[in-house]
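I'd like to ask you about the structure that follows.
Order as written gives the chain letters A, B, C and D; numbering starts at 1 within each chain.
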């Protein structure tokens, strides 16, 4: 059994990771840390784990060496102690934003302060298997992914990979998200009477995850518009782009099928009948699937490309476990088989 | 125009009161206080008031004398300065729990500490017009009402008034409530990801509003069970009692009709067809109606009596304005005509 | 009192109209028709009207002449009997899509069949007061508005009116809507277990309301993308356009202020702090306001223009009553004063 | 591999069963029938199964013999053809209400018509493992369970088993349920604008599941009050009973611990701190757990006993798979390990 610890286990990403690893047949969870809940049972914070584990939160200052170390800390913390963490395990996956960008100047532009460990940036593989599967096999350090970036990257992946869209004109990505994306700490705007029933555009453009889309897809002119709606889990990214002259719906089908065939967690959802004709995060809670769809207006080349994910799964902890599987030479779907629920 | 001020205007009760009074044809709002938001436009806190008032929150230390003073402070504050507030206006309505109970010992039992102004308790009229309309005409001091107490009191009012139920056996009242009942301040449990989709029984018995039901209906053996559900506004109280021997459904119809005829904001909802056959808070948002319903199992005398209200209206600020109207000799429905919305 | 009847009163638009007119101080509702609910009390269908009216649904075949006739029929019906309806009242407001477009060929393109009364198309004024206020004063025939078209038209109105945006490049409008937009008749996708918690893009482009935006704003290259979310009432339109060279945020502020000053139901929502910084339909339920906001990326000219409305109010029945007021020479806000609720 | 078929696979219960069996390591799904969707891929109806199975709905008239046959038909259908179905498999589990009651007269009383196969009633074991585990080992026929009955039965099980409550006085059970309980077919009241945000008491007493509580717990005086709230999955039953003289909280703890220790899917939730102190269906979506809690007012013997379940899992398909495991001699938790999600 591969021995695993999680640093920062009281947040939503850490809790989801713990849930997945407790059920994973090839690993054993050794420690989960939390300063604020030190000594408490993990199921008091993550009530779904009741009767499944008697683990208690331990101190981050008393970490034992393990085979794989996951960091699920708030952004900005991992980079200040990365040497320390790397000394504890031969393989490390950091779910924060600290090691997603390859260029320290880009990091500083989007995150507002210099990176504390710029020399480590190019040691990390960006944590989206659909983009970096082969590099992950021998990797020691893998970053997490931004959930909105993941929905955007996967929405556009078939189009970019098959070189079907114009990259110079603006690509507008409208993203609708649930409340868990904001993390486990409350704020005035997350108080239920204020947060219920919202359609609240909290970032018209300039969201930090934009940098991950530009870096990973090589798109120079991308804009993300973020809007909160009344769900807990889920992201839907709707990207508006323009196809190259002569590109048809048939070309798109082909491009999407290639991507769906190569990737076990990519599905195409494009039905002519029934209720579920397009990608929807509703049915993805707890699942690691990314559902893709598209519609092309052949009269003007306007393509609408959609991707739905569970932000805590494919957009965070699910992808991280998938990366771990690839790192360890396991089948990448191990421990990620949950299909999602219908209805929900 | 009657001059009015509101002490404590940044919470939900204060905001709702302000909304009602700004639209009330017979009154003028002079001041609204808030220490924490001093100097800010009230519409920054209550966004529905944008373009309707340029009032700013003023200091509670600089209150001018007015005709009617509303206190919408957190529980426990009004009682410590009641002399001060009473000196500022000939008529005063306190929406907190401070002056709802007539007996200082009962107050201490349910609220855990001695009352700071026990001599004032019997100066106040309990603020439910359906129970104290005639006393309100000449009153100087009127208390608020607990929202859960109001739903319970009105659910049982026709049965108690017509002396149709046994009062010795336990009367179980199951109450389902929305999130606005908890007030404008957030807490870990009100964070949207934790509060959405709940059916959360936060008080199996012993809720403080029980004291108001016992006092106002004279019922010795009442229990309130409180459960939060995923709405913002609304309370449904479902009371389980036993009718006296021989009481029939026809007797109940008669008792309910009497109460509905005497009270402009009481409606009976008991339909055999359609979607809306029973009282439901869903359609009451913003309305001052209390919708009553009942069902009697004649085989065993089990009566289920229901009352739906908007907790911020009939359960708080709406009733307070209704009291003010009665105090001032106005038609009690003035400024409370909004019908509610369908669908919503 | 102006005598009014409503043809087609069992749907959501008809019900909302009825609610507004029952509370309107200058009009009297004479008849409300419904074939399917003939003879039933209107409050059995619209439960918020209980205790407010004893009107029953009457037959559309027995309409009396009135001063103003509202048609709230399913699309396609008014056009087949427009001569008949016009003979019953000197003033007529049709809330359906039948008389919104001025050009019969455009109608046929978007609605798929020839118009049944093309000669009537240019007799109607398009029912958005913010665009056609002066024409409404003497008008006999006013059309309704599409709710999504209204959110789009108002989002872009300040920009178009002040000639601040490029009109040749594509303007992408992303629209998020509640379930009441689909009307009172259920379908498999509106069944609660399937409709709750959705983020469901039901129309990537090609929505019929696009024609109203093109016609009213004169924009040749507009695309509407429609996504359903988990609310009942409300529309948020987010339009992505490009400003002309040199246009600054200051220019936009000026343009928006002009429109807000000219129109009693237009508000600008653009705050630097607090919870409600941008337009949100959440707080607009029952209100006739259209809340506008914008954000300009001066580095590349990308402007995000937002408009939030209640689809049944400003997007349908509220605008229709506002039109009636203008038609009748009344203050246009009469009967539309409700401020909306917070929290809700 | 045990060969399995499902008769009636297009509803919610059938879909959930299919999801569980497709992931079950010891069984193979041979056929899933649906008349209305004959020939369609099952994932078109149950979108969570996309990319997980290429099964199509087959005809109920062309069933092959299998090892275990599940019937997930609308109530009333299985009993008319039970001989036919029983001939197809040595083991049969019927999820409908047809074979839950042991007494044909009781069936007729609650279901309104005579049972079509009364001779089969005592061949079936009632499908709740917590009550009938040992009988299930050699059973050929197992019935399903009512979801509300299950929440009620498990809420009271520790109290009844340890003989701690009075059984003569009325036991009031208040049950709050989500919309999936009503099944996959829509009706006017399940249309999203009418069903969202409800607190709707659709059955004050007399719900059919009452019969299962009376039968299984031997309680003569039980009443179920059913109220719909705005969730899709989940049931919370809150039972009000009276303990026998002298019974203390400590006695209750002991009784609950016994039941939790004997049953792998029973958990006690009774915390003094944190957000999740009581049983809540919110965190149980997709899980087979039944979470139990209680609170005793020692001053008057009023005990509030709670049970939260996912109605489609522990309340239907999850229990059915648990029964199958016991029937087949497998570990009863096989294929039911999913922990549920937090947050959700």
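What we mean here is this: contacts are C-beta pairs under 8 Å (C-beta built on N, C-alpha and C of every residue); 3 or more make two chains touch, one makes a residue touch a chain.
What you see is a predicted model, and the numbers here were worked out from it, not measured in a lab.
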Chain at maximum distance from chain C, centres defined as averaged CA atoms: D
Which of A-D and A-C has more C-beta pairs touching across its chains: A-C
Chain centre separation in whole Å, for chain D relative to chain C (CA means): 46
CA centroid of chain A to CA centroid of chain C, Å: 38
Chain A and chain D: spacing of chain centres that average the CA atoms, whole Å: 35
Multi-chain contact sites of chain C, meaning residues that touch two or more partners: 12, 180, 184, 188, 193, 197, 230-232, 275, 280, 343-344
Of chain A, residues touching chain C in the complex: 170, 172, 174, 176, 188-189, 193-194, 196-202, 204-206, 221, 223, 225, 227, 229-231, 234, 236, 238, 240, 242, 275, 278, 280-282, 295, 297, 300, 302, 304, 306, 308, 343-344
Residue numbers on chain A that touch chain B, as the complex places them: 12, 178-180, 182, 184-188, 190-193, 195-197, 230-232
Complex interface listing, chain A residues touching chain D: 12, 15-16, 19, 22-23, 44-52, 180, 184, 232-233, 267, 269, 271, 273-276, 280, 283, 285-287, 289, 291, 337-344
